[in-house]
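What follows is a group of structures, each given as structure tokens.
Here come two complexes built around chain A, the first alongside chain B, the second alongside chain C.
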Partner chain A sequence: MTESTIKLAVTRYRPGQDREPTVQTYTVPYHDDWVVLDALQYVKDNIDGTLSFRWSCHMGVCGSCGMMVDGTPKLTCAAFLRESYPREVRVEPLANFPVVRDLIVDIDDFMHKLSEVKPYIIREDLDSLPLGLGHELRQTPAELEDFKQFGMCINCMLCYSACPVYAMEPKFLGPAAIALAHRYNMDSRDQGRNQRMPVIGSSEGIWECTFVGECSVVCPKHVDPAAAIQRTKLATTNDWFKSMLMPWGNR
Partner chain B sequence: MYKINTNEPFWWGLFMGGAGMIGMFLPVLILVFGLAIPGGAVPPASYDTVRLIHLLGQPASVGNLLVKVFLFGVFSLTFFHWAHRFRYLLFDLGLHGGRTAVEYLCYSAALAATIYTAVTLFVIA
Partner chain C sequence: MHAPLAPGYRPALSNGWWLSNRRYFLYMVRELTAVFAALWAIIFVTQLPQITAGAYSNPASLVSSPLWFAFSLVSLAFVLYHAWTAFNATGTLIYLRMGPKPIAGGSLNAAMFIAWALATFVIAFVFVTPAIGG
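Entry: the complex of A and B
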């Protein structure tokens, strides 16, 4: 019995060797429980050890295996071959990012933007807070609900890859960074909102977004960055009109 | 409070105000003036144009003034909604060079239409 196979059209780029990315097609065994990442691993182990790609957890948690699969940004550890079979699967590096090698993209821009929005709890009184058992900063289930969804982000950058605004304006802060800023702004334990708002409320922040919504469509964790951006627009607009009408009022 | 480097909330506020107006009142206006009246579902006497204009033209009545203010709100916000949309549509179509010029053009057009509306409602009618 002959084993069924599937074709994998992989974009390759070897700096110093290729002047431009080229497509190389590999034939790999087909199993209906294999994901694209399994097929790539098969190539690396059995056909071409120089093929380069990122991955770590193989279970949709680490966020490092994002690639374009048949033109859509996906986690390759969650994209099954059977979704394409018997057609060939097209695997490309994440769109909108510079390619380092083969399927590996340069994530510096995203990392920088992420750190700009300070995605961690900020407390002004951290030094004077009593620590230890019984001194937790408590939260009600309702307060947790306010931000939980936006904290599910695994920094996979699929949303940046899907965003047509980011494609046109690389300075745009982008979906995940804004969603994470929103997550900490909504956290009842946090006191850093006034530090984050000048960044996400700037002309390169939320205002670039035209509510295309593709970010929320491709997000594997249902973070809904588009909603985070809309809510932040509303909050910023409220603050702005308030500060215009009542310049004396400081919150 | 914090400071941001842009007036964007102002334009976005008008944009969303316009969205609300369009969402709430435009379907009604289309239903009444686009379908019900041409379709003959409304008795002619109740929408006679001359009479409607006459109603608007009585500034002595507070009720009429409120109608004017309401219509002014609906129309002006709708214009600014359009301006904001159109501005971003032009960006999306790739008109990237003259961002500031596009912004001036769009919002000036909305402002002009708003002034025209105000003059029509409060001065002429």
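Entry: the complex of A and C
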């Protein structure tokens, strides 16, 4: 009995050799339980060792293997071949990012934006805090619920790839960075909101978003970056009204 | 052999990106329906002095023309669609927690639709009905 096969149409781009990306088709064995990443690894190990792509954990945690699968941003470790079979599977680098080589994109822009929003707990009273056993910054389950879903982000950048605003305006801070800023702004232990707001409240931050909503649809961890952005818009507007009506207040 | 290229190839966004999936298309429809709402409102406001002077019973006026009637019907449909999308986004926009659990987004959306229905009722029976002699 002959083995079932499936075709992969993979985007290739070799800097210094190709002026623009081309498509190369590979035929690989089809297995019901194979994901697209398995097929790419089969190509690299058995057909063409020059094919380049990022991956690490193979279990939807590290966020390294995001690519366009049949035109949709997906983690290739979670995109099964059976979703396309018997059709050919189209594999491209994540949209909206510069392509470094084949399926590898340049993520420097995202990393820079991520550091700009200070995605960590900031305490203004750190020096005077009695730290150590028995002095933890405690939090109720209800307070955890306020931000928990936004903390599930794995920085896979699928949301940037799905965002037409980011495609048209690369200066846009983008969904994941804002979602993570919102995660820390909503954390009852954090005091860094005022440090983050100049970045996320700028014209290249939340106000660039037109609420397309596709970022939340493609998120493999069910984070809702679109909600984070709209809620931050609402909070910023509230702040503005308060500052106009009560200019003598702290906020 | 080609000259060495600068690292990184950035593909351009196609003009037809909004046709590449259904949700992008519906987003564009949502945005465009707001244009009709704004246009209708601008024309209505500019015609307000004529309307208060009895323009609806004047066949020569803009607001009594079939074209205005047709445009108003189309605009109404678009405004209803736009309102439906906006109210359905309420649960995404607003986060409220009562006690340990957040209020479900669907409940917030439903509250908006109920408020919409109540407002329509009030406008229809308190303002419009007496005005047309009902």
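By definition in this document, the second predicted complex is superposed on the first by the 250 of 251 C-alpha atoms of A that agree within 3 Å, B and C clash if a C-alpha of one lies under 4 Å from a C-alpha of the other, contacts with A are read in each partner's own complex, and residues count from 1 in each chain.
Definition applied: contacts are C-beta pairs under 8 Å (C-beta built on N, C-alpha and C of every residue); 3 or more make two chains touch, one makes a residue touch a chain.
Just so it is clear, the model here is predicted, and its values are computed rather than measured.
Counting residues of chain A touched by each partner, chain B versus chain C, the larger count belongs to C. Touch criterion met: A:M168 reaches chain B and chain C at once. Of the two partner chains, neither chain B nor chain C is touched by A:T2.
By the touch criterion defined above, A:D106 reaches chain C but does not reach chain B.
Of the two partner chains placed by the overlay, only chain B lies in contact with A:G201; chain C stays clear of it.
Of the two partner chains, chain B is the only one touched by A:T237; chain C is not. Of the two partner chains, chain C is the only one that A:A227 touches; chain B does not reach it. By the touch criterion defined above, A:S128 lies against neither chain B nor chain C after alignment on the C-alpha atoms of chain A. When the two complexes are overlaid on their common chain A, residue A:G71 makes contact with chain C while staying clear of chain B. Shared interface residues of chain A (contacting chain B in one complex, chain C in the other): 164, 168, 210, 234. Chain A makes touch with chain B in their complex at residues 164, 168, 193-195, 197-198, 201-203, 207, 210, 233-234, 236-237, 239-241, 243, 250-251. Contacts from chain B toward chain A in the complex involve residues 1-6, 8-10, 12-13, 16, 88, 91-92, 94, 96.
By the touch criterion given at the top, residues 1-2, 4-5, 7-11, 13, 17-18, 20-21, 23-24, 27, 31, 89, 92-95, 97, 99-102 of chain C touch chain A in their complex.
By the touch rule above, chain A contacts chain C in their complex via residues 13, 15-21, 71-72, 95-100, 106, 140-142, 145-146, 164, 167-168, 210-214, 217, 224, 226-227, 230-231, 234.
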